[in-house]
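Multiple structures are listed underneath, in structure tokens.
Here chain A shows up in two complexes: once beside chain B, once beside chain C.
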Partner chain A sequence: MTTGDERKDAIGYAFTAPYILFLLVFTAYPLLFSFYLVFHSWDLITPPEYVGLKNFYFLMHDTDFWQALLNTLIFLAIHIPAQVVFSIMIAMALAEKIVAKTFFRAAFFLPVIISGAVVTILWAKLYSTDTGIFNQLLGLAGIAPVKWLTSTGLAMPSIAVMATWKNMGFYIVLFLAGLLNIPAHLYEVSKIEGTTRWQDFWHITLPLLRPTMLLVVVLSTFGAFSLFIEPYVMTGGGPLNSTMSVVLYMYKHAFLFQHMGYAATIGFALAAIILLVVLIQKKYLDSD
Partner chain B sequence: MRTVFFTIIFFLFAGSSGAIELTYWTSSNPEEIELGRLLVRQWNLSHPDVQVKMQPIPATQSSEEVLLAAIVSKTTPDVCSNILPAIMGRFTKSKAVLALNAFPDYEKAVIGRTGAKLADLFRSRDGKLYQVPWKCNPVMLVYNTAIFRALGLKPPKTYSDFARAAETIAADRNNPGRWAMAVSIKTTWWQRLFDFYPFYVAATGGRTLLCNDSAAFNSPGGVAAMTFFRDGFKKRYFPMLGFSGNIFLEGKTAMDVAGPWVIKYYRRLKPGFEFDFAPIPVPDNYKGPVYTYGDPKNIVIFATTKYPKQSWEFVKFLISKEADLKLLELTNQVPMRREIASDPFYGGFFDKNPLLRKAARQAQYVVPMDESQHLVQILDIISGQFEAAAVYAVITPEKALAIAAKKTQALYDYW
Partner chain C sequence: MKKLALYLILICAAVSFIYPFLWMAFISLKSVGDAGARGLLSSFFTLQNYKAVFMEIPIGRALLNSAIVALSTTASVIFFSSLVGYALAKLRFSGRETVFMIVLLTMMIPGQLTLIPLYTLIVRLGWIDSYPALVAPWMISAMGILIFRQTFISIPDDLIEAARMEGCGELRILTSIFWPLSKPAMVTVGIITFMNSWNEVLWPMMVVRRQEMMTMPQMITTFSVGGQSGGELGVEMAASMLLIIPILAAYAFFQKYFIDGIASTGIKG
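Showing the complex of A and B:
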């Protein structure tokens, strides 16, 4: 190797050094330390104590954890289809020649950039059973108050509706980009063939949006499994643990109860479950 | 340029006067910051060789999180006056705080001020006293005197009185949609310190949640308190509210459960608002003085201090008779000083502030939380069962408390 090559290598290393440093400090070290904690009990202020597989044993027998996982899957089952369907519908409308197109595009994106905590507090007030605006409006129409956040059956769907409204703007942008990439001549040919708009959607739009769809579903899955701020602010995990998500449960163990080892175990279990779900999604969405 | 350089050098050297500097953390609420500033200014003027730098505890979800983080990173101050006694178990376990018994005059300073009975409630399991009992906020029933007067009601002393008052409030045709009281339906652990816990303490004559690392709350008193809230939700005395906001101030509820810290708060938010304090209602067959949760906050000296002797002198200054008067005047919180309500030194203040005199009298009958490393989780467990038995009434109070007791035992067995 010549001196010139070595110099080029050194420059390359210098350029990548900040990233490597960032990776080591903020990703690799926390990850390795979390893995170390999986086998330890640690309350933050006294030295960690080795406990072997005790945290795994507790996890397997912890009914509250499995309840939290079930709740998260219920959220996933409502949130992801709703997000995909509404995002595609709105993206298709925004791809058309409509009046005030830029305004509508900005308006749908606005909730994405507003702080999650602020949005959640506002929606909690809207949803309030006895003093919320939704129920006051229903009352004007003579309809009895709905227990949006105080019924075990409705609380998680209510949170899913709010989360869909909050996040949809981002996925609309992705679908919009996907729609604009579909060659216009395909629609022109189908028009000559005399197909309906539904047939165009089903046989042209949807198949060609499949890569975007995979991206949206995978990103939504990550987002849905990370469900935290909404139940944390709106319900605290209630009523009767029906909105306790896995991440909220992990947070409680880590930062309320200082069970850092157990929280790390929940974190690794969640990562494994997300990997499994994404692999299943990829299998079905990525196949021709 | 040279002038600037020498000016900087001058100020650098002028700053290092050789005085010892102590760091003092206080609560971040405006009243306590004002109190801290005043006391520190007084101290610094009279102690040029030991200067104190005051800093409010950085704002976050709770002071306890900040203190734990400071212990982990060894950045604790010399003195802190916002210590929740319930978390002292963690502090003493990690040897983060100094035992005050080491100071020869601690008996006179602490026991002399607080009294042995109250001070003993804050003694650690090893028999040592690591905290100075400083102030409390006896949690009491607050009621809207205008509403009570208009409806001809008296503050309820028993559960039956409360139910009768609630029925009268609900039946008031001039004000439909008004509730007796707002009780949070959220399961956040500390919410129970302002509903179930003070009612449990009152119903049991001053018992705390634990006894020898076992649940003591699974008792007739616990069941009575839980049933009180269950009936309240069932009969719609309490609304289903996640966010209670200021609905007591808005007149949508006639009662609230709070400590004397609300006096300044209510007066600031709604001048002219009429309210009064009464003891927490007790079961109909209860006899004896009415106890409540004291919501105490104490003072500690952290083990990281390089100047324990000077820190102790500063702590004694913070609990002096004059400093306690300032505490009353500026924060409307009650110093944990024995017989304070009848002490002539404070008589003038209480004459002008009769609401505070009620709180000071109640302060003789308060209990703290148990000192347990699992306390937050125990309250979280009770909160979950409170939701099941009282808010949604899907299980009986007896079963809810039995489950909570079993889960509490599991905590000690497993963690």
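Showing the complex of A and C:
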């Protein structure tokens, strides 16, 4: 009996051993080392120097870092409402009995599978002030060219619109699944009571889509805090840091200035903020 | 009337999602003089932009690098994640629940936290500008383990008992009984891993400097941002097309797996 158990244990350990090793090297070690790095100054060449809480002190007073956080909030303020409204609208259209449903779903999902680098390079062309399609269309209507990516006020909103376009297919599919989960008899009851479709939407559809909404908001937030290639390609973080994202800022400290300790501190703070924001969203959207 | 409005919404949306890619494809096929012209069609199409990409940058090498990195990452994730998934679903050993908890916990760690320390690790290992740097940190995925565990749990234990009676080892049972019975899970994990690896740009930009080691997203990004393309729209678009064609081809065949897989697991980053 004991020998049998030992044999079973041995196989179980053998099967999980590669994962444990992988985890120790590529997850546990970096995790622990990040706690070391945030208290040190290190340029990767000379030995790390202990600096106590200096990195955190510097971060608190680093206006560029706070600007990057503010930029993320601007992004979220445009991205989340646009994402939710348009995704629900299109998902509701898709939930009806229509022909070519598979085609539409596949078409909406197309930008989701395409590399963010390509989407960004492509949209940089579409946003171009002189030759981009948006300004060409505005030109047809007799409107002067708009500086989509080169004005401080519009650059971040432009990036948010592009990100919304790229991810919408994903959120449409999530909302579609949420809509199809709503029991049909709920709508039949309301038919008997003679409510309008608009009332149905507010009192049945929206409340029951709440779990999906939470998922969409949380995933959008993760996406917003991961912005990197979009500002890197389109604006380099400019003009005047108006599109600087936190990850791009971290990247710059690590690779332009070799500030490993400070870059790790930015990552540390960002992770803490992400967890905090997601907890707040959960609490707010889960209640009632 | 209502139907008409529905179709109007859907068609407008479909056009807005497809048109930019069509524009990109057509521009990549137009000659330099023609590219600026409004509208998609041209009097004639040419492959000269594609020839120019291959002449101006080592894009052939980038395609090869991307293929090597994405395929080896995918093979590794499928093999090792299914190994762990099998152990968690069908093997009894002390500490099993702990391993399962750890898998769930690792999914909650924001990647931004470990990114810089992970980079310093790669530097210390001397892996900068190498395939191990691009593949090793992504060789096993928690998402893959969970999908395999979930799939394997529903496969009856009788099959394992019968195979054990005939003297089959656990590894044989996994590869010759469980894998063939779990094709949808394998395709889902495979596609998501391949797509994420193929499209990934931040990590390669951290650990690769030399042009010969660049994967496609980094190559076209530096080509486009670095001004190497000299602002030649057609050439830039041709380079981008080369990156998306393999994914589009896979999407054409496995559309359902792409959509259902991504919708059920969430997208990375």
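Points worth noting:
Going forward, the second predicted complex is superposed on the first by the 268 of 288 C-alpha atoms of A that agree within 3 Å, B and C clash if a C-alpha of one lies under 4 Å from a C-alpha of the other, contacts with A are read in each partner's own complex, and residues count from 1 in each chain.
Rule of thumb we're sticking to: a residue touches a chain if its C-beta (ideal position, glycine included) is under 8 Å from a C-beta of that chain, and two chains touch if they have at least 3 such contacts.
Since the model is a prediction, treat every value here as computed from it, not as a measurement.
In the superposed pair of complexes, A:Phe58 makes contact with chain B only, with no contact to chain C. Look at A:Lys125: by the touch rule set out above, it reaches both chain B and chain C. In the superposition on chain A, contact is made by A:Leu44 with both chain B and chain C. Residue contacts after overlaying the shared chain place A:Gln199 against neither chain B nor chain C.
In the superposed model, A:Asn181 lies in contact with neither chain B nor chain C.
By the touch criterion defined above, A:Phe15 lies against chain C but remains apart from chain B after alignment on the C-alpha atoms of chain A. By the document's definition of touching, of the two partners only chain C reaches A:Ile90; chain B does not. In the superposition on chain A, contact is made by A:Phe255 with both chain B and chain C.
Legend: residue contacts after superposition of the two complexes on their common chain; A:Gly238 is shown touching chain B, with no touch to chain C.
A simple residue count on chain A separates chain B from chain C, and the partner touching more is C. Counting contacts by the rule stated earlier, residues 44, 121, 124-125, 131, 236, 255 of chain A appear in both its interface with chain B and its interface with chain C.
Contacts from chain B toward chain A in the complex involve residues 65, 68, 71-72, 90, 93-94, 96, 185-189, 239-243, 247, 373-374, 376-377, 380, 384, 387-388, 391-392, 394, 414-415.
Within the complex, the chain A residues that touch chain B are 41, 43-46, 58, 121, 124-125, 128-131, 147, 149-150, 152, 234-241, 252, 255-259.
On chain C, the positions that touch chain A within their shared complex are 3, 6-7, 9-10, 13-14, 16-18, 20-21, 23-24, 36, 38, 80, 83-84, 86-88, 91-96, 99, 102, 106, 109-121, 123, 136-137, 139-140, 145, 170, 195, 198-199, 201-202, 205-206, 216-218, 220-221, 224-225, 233, 236-237, 240, 243-244, 247-248, 251, 255, 258-259, 262-263, 266-267, 269. Of all residues in chain A, those touching chain C in their complex are 8-9, 11-13, 15-16, 18-20, 22-23, 25-27, 29-31, 33-34, 37, 42, 44, 89-90, 93-94, 96, 98, 102-118, 121-126, 131, 133, 136, 165, 167-170, 173-174, 177, 219, 222-223, 225-226, 228-229, 232-233, 236, 246-247, 250-251, 254-255, 260, 263-264, 267-268, 270-271, 274-275.
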